[in-house]
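Take this structure, written in structure tokens, and hold onto it; I'll ask about it next.
A, B and C are the chain letters, set down in written order, and residue numbers restart from 1 in every chain.
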Amino acid sequence: MTGLSHEQHQSIRQLAEARVSGHGLGSRFYGDPLLHQADLESIWFRGWLFVGHSCQLQEPGDYLALQVDTEPVIVIRGDDEQLGAFSNVCRHRGTILCSKSAGRIGRLVCPYHQWTYDRDGSLVSCRGMDDDLDTSNLSLHRFAVEETAGLVYVSLAESPIPFDVAANQIGPAATVQGLQRARVAATVDYQVEANWKIVWENNRECFHCNANHPQYILANFDHYNSDDTSPEIQAAIDEATRRSHQRWTDSGLAVTHTSTGMASFPAPGPAGWVTVNRTPLVDGYLSESMDGRQVAPLMGDYADPDVGTLRIRTMPNFWNHSSCDHSVSTRLLPEGPNRTQIQVTWLVDATAREGQDYSLEELMPFWQLTSEQDWSICESVQRGVTSRYYTPGPLSPAKEYNVDALFNWYLDQLTTVGADPK
Amino acid sequence: MTGLSHEQHQSIRQLAEARVSGHGLGSRFYGDPLLHQADLESIWFRGWLFVGHSCQLQEPGDYLALQVDTEPVIVIRGDDEQLGAFSNVCRHRGTILCSKSAGRIGRLVCPYHQWTYDRDGSLVSCRGMDDDLDTSNLSLHRFAVEETAGLVYVSLAESPIPFDVAANQIGPAATVQGLQRARVAATVDYQVEANWKIVWENNRECFHCNANHPQYILANFDHYNSDDTSPEIQAAIDEATRRSHQRWTDSGLAVTHTSTGMASFPAPGPAGWVTVNRTPLVDGYLSESMDGRQVAPLMGDYADPDVGTLRIRTMPNFWNHSSCDHSVSTRLLPEGPNRTQIQVTWLVDATAREGQDYSLEELMPFWQLTSEQDWSICESVQRGVTSRYYTPGPLSPAKEYNVDALFNWYLDQLTTVGADPK
Amino acid sequence: MTGLSHEQHQSIRQLAEARVSGHGLGSRFYGDPLLHQADLESIWFRGWLFVGHSCQLQEPGDYLALQVDTEPVIVIRGDDEQLGAFSNVCRHRGTILCSKSAGRIGRLVCPYHQWTYDRDGSLVSCRGMDDDLDTSNLSLHRFAVEETAGLVYVSLAESPIPFDVAANQIGPAATVQGLQRARVAATVDYQVEANWKIVWENNRECFHCNANHPQYILANFDHYNSDDTSPEIQAAIDEATRRSHQRWTDSGLAVTHTSTGMASFPAPGPAGWVTVNRTPLVDGYLSESMDGRQVAPLMGDYADPDVGTLRIRTMPNFWNHSSCDHSVSTRLLPEGPNRTQIQVTWLVDATAREGQDYSLEELMPFWQLTSEQDWSICESVQRGVTSRYYTPGPLSPAKEYNVDALFNWYLDQLTTVGADPK
């Protein structure tokens, strides 16, 4: 494990303290290798990272492989139907065990010399070694893994922070969406030339939506905020909320976000890295689709399409918008200080058949366009914030409260956690 | 602002002092990140940088955007017809304001959240902020900008060196060329894998011309030097000078460089970073074109094509060769220690119509070929000088006096200026 | 010359001492710039590096140019028929003298200003310099060069280690192959994203052959080892050895490797960086070709195709497998800590005519496939060993004895040699 020296921690602490409250972060947070190392230590190699969906890992042997900055990770469904997460690196000579990003395998057989691991990571065969080799110390390096409501998470930490705060929030609210029995309809991978924090800063406000997201703003209320919510807008939200409440009574659903603007996230405290809420859509929109019409069969336990959108977010790498008929997950993975690998995944009900029950042409554009509009902005911000003439500006209290909250959350992780001796 | 430490200055000074007079620079000057930082501090972020031509910035709102190493800069014509230069970075969240390299705009509106700046850089609109926000401190970071004889310069320094030494030299000599009322006929951008100094070393001698520039040497006398100027050659120069003088008497023009070899540049002292001279062309050459014939209508105040070439150079990033009928500007911008972005621009009289008065096929090859021949050499030099077995060799006193002068000028900037506490 | 500081040597020594015997190397050996610098100093800029074949340098003026990490090197046949090796960098301004990788030249004329060097590296012409310039100090930087049995080697060291240990081993065993009078039939260049040591680790065991080299294992016995050599396998080797011995008696050939597994290499001591042996092929294989049939005319002094394979290896950058009819050389050159440039060259007898006596379709696949199978593995290992969760695993005593020997040899070079003050 690579750690940071006391001097490096001091240097990071000074940078953090130099931030003016209610303003952005300084240039070094977006490109300096030391800061990136600190981000890895205190956040990426410590928190819970979204990996993918349970429905991608249904059968024993199903796996997903990903790379968290320099770290190859594999998550695999075990023979006992439980998930296991491991370093995707052979204990013999260090070869990547599974080089594809997904698949199904019997045992984990290293392609180099066929060291073979059970689905629980234990070494069961290593031809050519001395008979007295103690293989019990040669299991794959194990990471913590959890799943809740069809979402799979891994933590690379030796002593992970509690996951129950996520399960407690996501489980009750998201089970109705039926992600456990969904199917991946499409996946798009992006390489975005921006620090991962810039992607989150962008995600945590809809101040930019009017000018940049012509599709998104037709369906949603987030781009209005406390300072520009007219009585008409609030009345529309109230009406949408009332309408939904009436329909949802039977199924126990409830709108949990009844105002304009985005739900507060992230927040201080041990549960501050996760949030779930249900939000009404604009009248006429049953789904986050180009024209608001339903574009696939109802998912999960929904009996009526008018369920607004379910939104789940977990720091540092996941958000999801789910409509009645489809669900879109976004997964971030850093690759150095100025690049982020982003995967966007569209899910539909497991029984929906492409070409008959839905088409990708109708399913994908809303979030594909919105995502790509965001990535383009993020790359432009990356170029600007690394200028020596950039001084972090003031944030709008009415519209960028979550960006401020993001910086507070981030600096708290960086200085409190990162300061611990390793 | 990033500064260099006292120890770093000492280290740079030692490297500078280790150079043997009349010889080249050591390897570290061409690839070491510390030296590149010093180049930025003492030269690129301090001197006057050529941006483009006034004729590209004619109307209020016309802008040119460029990147000086990591620094995004925008120059824009204001409502008062004066130019303004600014950091091309929004004071809010750091987004690049203008992502295109040229255009015309009303106000500078950030594409992210529409913070809006007047053409003088002052913040005039920032929706969503508290009413009591003091916007007077949120103008765009302003840089110094100057124009003379149709050439536009910017300095990123807080206290720029005097520009009048450039205006005093370029103005009187170059106004006749009419660059103010010219038009860009073509632009070619190059990414050259060589340190910016190597590009200048190449530019400051014509010792390499015989073997590398078959087009250039037909038109010019520079590739002869004091050691190989035969009486016949000198007679040809004298004849060309006399012929030109007779014709130019009416217009007040004068040949100012009447010998073989290149004009001395750069030079010590506060005016040493700029030079202008008029040079005769070989008999039969009215223009720096492939066959010497005029390839476009006369520019500026010229009544006769036989005006030789006007040559303007300013350290660290500009040179221009102007014939009677067209003008070619070369602009350098560093991008890290071993890459230089180079833009070559061809200008003609504003009234000249492509296809009727000139064709790009006749206008461009002379300087396009010559430029590309040079960039190819520069990339080969970059690979060689970074070898650990490279020892800087002796310069030819007769042919490389300007390369020696360049090194003296450079090291003077680096050690005198760079040593100042910041 | 760049050297390492005392503190850096100490740091490297500690890393070396931390290695557990019989196990792999830690992550830092595969990506850390300091370790790469140490590899260059103690191995690449000190040992003997294979350049190419004498038959590529037959006539005075024939040259081969290559780049050893950052160092451009040229080897040229002199007027006296002796080889010379030089830094491929002009002593004047540092230009690369020969930018092609092979060719024939009269003198070495710098393309920039035509400084001209004789084929012995001495400066014979430098137009434009003062007459009293002492050119005797301006010869090209000379490196040591040797050739033996048609193989050409260079050393960048000021005081190279003895080459005679290589000549004494390679000469007597390899002359019969006739590489001196061979001809290059084909060359393929690869850029492999792996540290050079990973390429050698892969080369030094055939433990991976069963699963990865379906072509190679049909022809060879190396993939069997002491732990899995059945009596039948050993009988086949004995039979092949006996058969070969009988046929070779007249020509003085001898099988020198009569067991399964790979010949021990590298080894401690001054001769440990070179090895040569002759190995029987599986019954039915006369050549390392796809079906074992002879694919080109006999080479060298062979009168009978049944000569097994001759194998030559020299650390740090060469191995060769020669059959009766063709010879395949592999040359490694590092390019930074995580990239290796690899050139594979196929040779046939100088009189063999392509299309008549042999076809590339029959000649190349055996080693082209085997090589590319290896490069793919190496890139996967590079990604894994740089993980922070990678801990070097135990090596198989029966199958990976040479990998262990490689690490011992390597660390010995690094710590003993690298510790010397420079």
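Basically, a contact is a pair of C-beta atoms (placed from the backbone, for glycine too) under 8 Å apart; a residue touches a chain by one contact, two chains touch by 3 or more.
Note that the structure is predicted; figures quoted are calculated from it, not measured.
Superposition on CA atoms relates subunit A and subunit B by a rotation of 120 degrees, given as a multiple of 5.
Although subunit A and subunit C carry the same sequence, what matters here is overlap: shared residue numbers make up under half of all numbers found at their interface.
Taking each chain's centre as the average of its CA atoms, subunit A and subunit C sit 48 Å apart. For subunit C, no residue reaches two or more other chains under the stated contact definition. On the subunit B side of its complex with subunit C, the touching residues are 24, 201, 207-208, 211-212, 225, 227-228, 377, 380-381, 383-394, 396-400. Interface of subunit A with subunit C (complex): residues 1-2, 70-72, 87-96, 99, 111-114, 127-130, 133, 138, 141, 156.
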